[in-house]
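These are the structures in question, set out in turn.
In what comes next, chain A is part of two complexes: it sits with chain B in the first one and with chain C in the second one.
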Partner chain A sequence: MSTIERFPAAWVLPTLIPVALFTIYPVAEALWTSLHQVMVLMPDQPFVGLENYKTVIFGDYFADALRNSLLFVLFCAPLVVIIGTAVALFLRRPFFGAGIVRSVVLLPWVLPGAISAVLWVWVFHPSFGVLNGLLKSLGLIERSIPWLIDVNLVFVSIVAAHVWTQVPFAVVLVMAALSATNEEAIEAAKIDGANALQRFRFITFPQIKAMIVVLLIYNALTAFTAYDLVYAMTGGGPGTATTLLAFQIWRESFSMYDFGAGSAVAFIVVAISALLILAISKAMPSDLFEEA
Partner chain B sequence: MKPRMKAWFGALAIAGTALTAQPALADVKLEFVVWNYSIDTIQDNIKKFEAENPGITVNLTDYTWPDYQDSLLLRFRGGTQTDVVYGGQDWLPAWAAAGYLAPLEDIAPAETLDALKKDIAGFALSDMTYKGKLYGLPYYADTISFLYNKKILEEKGIPVPTTWDEVMAASEKLKADGMERPIVYEYNQELPNFFDAFVAQTYSRGGDLFDADKKAIFDNPENAAYQQLQWLADAFAKGLVQPETHESKIIPAMNTGKHAFTIVYNYVLAAMNTPGEQALAGQFALAPMPGSAQSTLGFTKFYAVTAKTAADAERAEAAWKFVNFMAGKPYKVAERWAAEKGLGFGQMPLFQNKDVIDAWQKWVDVPTLEKQVASARAGTWTEWTVIWSAYFRPLLAKAMVGEASVAETMKAGAERWNMMQARFAK
Partner chain C sequence: MLRTLAGRLGTFAGAMLILLFTGGPVLMSLTGSLVPDRVLFDENKGLLDEGIRFDNYRYIFTGELPDSYQQAGANRAMISQTARQVPFALVNSVQISFSAALLALLLATPAAYMYARVAFRGKKLTFMFLILSPLVPTVALVTPIYMTIEAMGLLGSKLGIIFVHAVKAIPFVVLIISVFFRKLPVELFEAAQLDGCTRMQTFLRIALPVALPSVAATGLFAFMLSYAEFMFSMVLSGDSGSRPISVVMAALARNTDVSWGLLNASIFIAIVPTLILVAMVWRFVVEGMLRGAIKG
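Then we have the complex of A and B:
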């Protein structure tokens, strides 16, 4: 019998130790914090049970943050996947300068969230914004639209910015999936008279659906835990119009200096994320990852 | 032991003590922590201090303004050597209560402190005092000001407003004449300025958010804060307000000539009136904050010494020398900040300083400002104010844009304040 079979624990230890150090310990520490009163300005850290959870859930912000986060997921995840797939299908075709276009499409992906936020603030800015300037010069509006102040429009603005930052990654993954599809089947369908939509629906999609599901889950989680873009673009406002749960973790912890409450929100986010993954996975057909 | 030997040992001991003690005295290296405004000027001031005080060197560490308080708290809690810091009126009660800072009375001669106190503006002295003890000397002190575009008002024949109703009427007239949004407002619920500006407007109406026992009273519809929030909500609802997320955006916005009024820290006026940098420089002026009292909020950032440093006699002495150099008489450093950078000051004699007046009258009417500084009031700063303000600001923002009612907002804010007061009292 080989050593690896006789001492399996010893062989997985080099992997388990970093996982324990960088994942289990911080999560356990956060759980401990959520059950204690941990305020930077107070020296004692007494056990408070579920008091932090009660405080944040029944506070003035949680309901709004939860609603906004779920809506954000609902809009962003499908939009990223749909736009990403469409762009990938387009870029798959050979055309002049395709290589350059493919590189440029990736640009938003490499920009840090805060930089993207600054760019989008200048797009939506009421006085100097590109968008208002464009709409005015086209004669479509007379007065500036307060994109980042109107409580309804501001949500549209952050969805647009978030989708813009996430689409490139979706494009890359869908293009990778497309490169493995059966070209001959598509050619055969063309000869049989299938139009582009039919070819996508009946031939391409079944071959890339596993990737689409992975992207959907990934984007649902990315949207649910989005923080930097919202922080830099709107600061969660106006009021609570763009306050997401991940932003609320920061606000409870670093704005109100209540790490107990912040950790409680973090654990709620973890629980909802787990439910989200389960729900999406359950909704998918069981043969998803089988060979098409 | 023979007397001669005793004498030799005694002499050796004295020489040894002198040899070991001297380098320690000569090598005090202070850790000075600031936010990253005008680092070159700070470094130059440090150089001058070091030249005047051989044996003391100062190492400067800076953080960005948004990260400053968090970074400093981590330094305090982590035990990182920190001797002199920039403090703020809003942070003082919590930092002092937590034992991070030391009162200057512990390290400075009483008569020197008394002489300095006499020169400091009332609100600034209050801002730096916690439980009767003075915790700092002013780095800069300023007020929140009501600024307007002189040219626009003159052209439209609108007198400078003296009440909030007049501001509303003037804005409505300007809007009717084609100005889209006459008021630019710093609207960023994550910034303390957002709450400070609201307090300043409450003071201008002659009111306060809290009573003498520090109980929240602003949920009463008769309260000045309640009325001012209603005023702001009305102004937003009428489309008179152009919100901007930061003062740095207000400067170019006002310089477009598309807005007539704003409420910001006074130093923003200096930037707005800088010739060569701003298109409409010279058109902007300060007016007393509208309202029956015409008072405003004053605030103070100051040099403070940590409790850890105060406990070490040698470092404490060096730290006091440094603080006194930066903020004490003859106020050369404060004068430099005022003249070169337009920073406000808490040392009232600087209003009679020719260099300061010469520099300031290029962008502000100095007598009007002096009157405003003299009548400015300090905020209500408690151990929980910063935490509560972080909670209250988004509620305030919601009410301004009509996402919540004024009554709901004030009720929720007052309940939270009273809850926190009870919690901290425990």
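Then we have the complex of A and C:
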């Protein structure tokens, strides 16, 4: 098993060919489009070089959208992984009703983005919202907090909603990773007097580190390419407070009918994502690629 | 004694916090579907002052108008069409998501096994390609994929959506299952090799049965990915015969004429069947793994 074999086409190609068909070909198509002027109802599609990229980068929205997207990733990805890991660790302990809690945790997962958005709009709604209602009846606040109106609070709101949708998957995967960890080592550490934090830091964490890194990558990506939930909640506003880069692609392409500019944004998003991925994959445990 | 009591209280508080965070918004939606809008939005009325009503559910399944609509006397035939699509869309969604998950597992599990256990030429490059592929923003892919599906003659059918959803799930399936295959003890494979098993036999008779709970969990993930997917479902589906639930729900959510109660009833109907499935599969998967199935 230690020798390097030739490419096992029969095993691997059934995955590679369809995935290539749905990524390489569309990306090539988008690259072509981004270098041409492509508008609906315009039969001519002249080559314009980097003109579309210039338009986009020096456009009104780009700097804001890029900053928002990076901030969104910076908040969402670690939060999802931390909350997911904490919940997974908690759900390991046996208690009455644990089965119910384990099932309820999965709830946000089964909801399409548009639905989650509606739910969270009603949680944060400035006048009818459940959160304001709750805080008021607990006597913690007197006046309603303008969650979806204030430029900073609206960001908190979309981060909360996005994290909510992503936590269940993190819980499932961390629990799966935890189930394969060595229980005896934990027991031994307990006997040796290690506290809960030490047991996690030195025994559990190293065993689930690979899964946590994978989750971090996955969540950085979902946050960076998220558009439907945020768009349905805020429409990118107020102003440009929640305008994300991925949403900008859709805006340029489908609401302004400038597919060239839309493809240019798409390309920029792909390039930044690739950088992000490469950076994180450096931190990835090497055994993800090596033979076990 | 005090210590165990504190521990129990901590567990209770933790469980409540998790329930509130994950289940809270959904509970809110259930409440909204049962309590009439006029009570919900009236600060001076208690939540249950007028009792609960199943009007909205009855309407979705039978088409009998809720009392509030008849009182208002408004003609809402357009909305009724959309909300009444929910049960059919649900059936479509389950068919699509189940087929997509199965297809993704079928195509991707052998590859995951290869990436986990065998060193071969081009492994790192192709694995990287698989991992990186989902980061291409969906919005950039929609138009070319639409044209591909059209060329295949699958536009407006469930098959087209199934195919796209399966392919979109493949990278995650490969990534996750390969992590599980990698965890299996080397001795298992050495023993199989000594017994003269071919690679296919080792995969089918040893690796696959041992990793089955993990494979099923990953299939569940693929199912959910497909169930919640919106963009491709929208552009590839045709009439109500192939339209999945996410498309119908998005239409409902953006339709300002739909009452809060009706929207919530639809949301709840969309959740319940999957919740049952999730609860069942979850038990099988997690309990199975906790019993040590993965350690063989």
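Everything that follows uses one rule, which is that the second predicted complex is superposed on the first by the 262 of 292 C-alpha atoms of A that agree within 3 Å, B and C clash if a C-alpha of one lies under 4 Å from a C-alpha of the other, contacts with A are read in each partner's own complex, and residues count from 1 in each chain.
In this text, a residue touches a chain if its C-beta (ideal position, glycine included) is under 8 Å from a C-beta of that chain, and two chains touch if they have at least 3 such contacts.
Computed from a prediction, not measured in an experiment: that's the story for all the values here.
Peer 1: Given the touch rule stated above, what does A:A241 touch, chain B (first), chain C (second), both, or neither?
Peer 2: So A:A241 only meets chain B here.
Peer 1: For A:S255, select first, second, both or neither according to whether it touches chain B, chain C, the two together, or no partner.
Peer 2: So A:S255 only meets chain B here.
Peer 1: Is A:I149 touching anything from chain B or chain C once the two structures are fitted on A? First, second, both or neither.
Peer 2: In the superposition, A:I149 contacts chain B only.
Peer 1: On the A-aligned overlay, A:I212 touches which partner chain: chain B = first, chain C = second, or both, or neither?
Peer 2: After superposition on chain A, A:I212 lies in contact with neither partner.
Peer 1: With the two complexes superposed on chain A, say which partner A:I203 touches: chain B (first), chain C (second), both, or neither.
Peer 2: neither
Peer 1: Quick check for you: in the superposed arrangement, does A:A77 touch first (chain B), second (chain C), both or neither?
Peer 2: Neither partner.
Peer 1: Identify the partner contact of A:P126: answer first if only chain B is touched, second if only chain C is, both if each is, neither if none is.
Peer 2: first
Peer 1: More residues of chain A are touched by which partner: chain B or chain C?
Peer 2: C
Peer 1: After overlaying the two complexes on chain A, where does the chain B footprint on chain A coincide with the chain C footprint?
Peer 2: In the superposed arrangement, which is not itself an observed complex, chain A uses residues 128 for both chain B and chain C.
Peer 1: Can you check the complex and tell me which residues of chain B touch chain A?
Peer 2: 70, 73, 77, 94, 97-98, 180, 187-190, 242-243, 245, 252-253, 256, 258, 383, 386-387, 390-391, 394-395, 397-404, 412
Peer 1: In the complex formed with chain B, which residues of chain A make contact?
Peer 2: Residues of chain A touching chain B: 39-41, 43, 60-61, 121, 126-128, 143-144, 146, 148-149, 151, 235-241, 243, 251, 254-258.
Peer 1: Under the stated contact criterion, what part of chain C meets chain A in this complex?
Peer 2: Listed in rising order, the residues are 11, 14-15, 18-19, 21-26, 28-29, 32, 40-41, 107-108, 110-111, 113-124, 126-141, 143-145, 148, 163-164, 166-168, 170-172, 174-176, 179-180, 182-184, 186, 189, 193, 214, 217, 221, 224, 227-231, 245-246, 249-250, 253-254, 263, 267, 270-271, 274-275, 278-279, 282-283, 285-286, 289-290, 294-295.
Peer 1: Given the complex with chain C, which residues does chain A contribute to the contact?
Peer 2: By the definition above, chain A touches chain C via 1-8, 11-12, 14-16, 18-23, 25-27, 29-30, 87, 90-91, 93, 95, 97-99, 101-120, 122-123, 128, 130, 164, 167-169, 172-173, 175-177, 179-180, 210-211, 214, 217-218, 221, 224-225, 227-228, 232, 246, 249-250, 253, 259, 262-263, 266-267, 269-270, 273-274, 277, 281, 287-289, 291-292.
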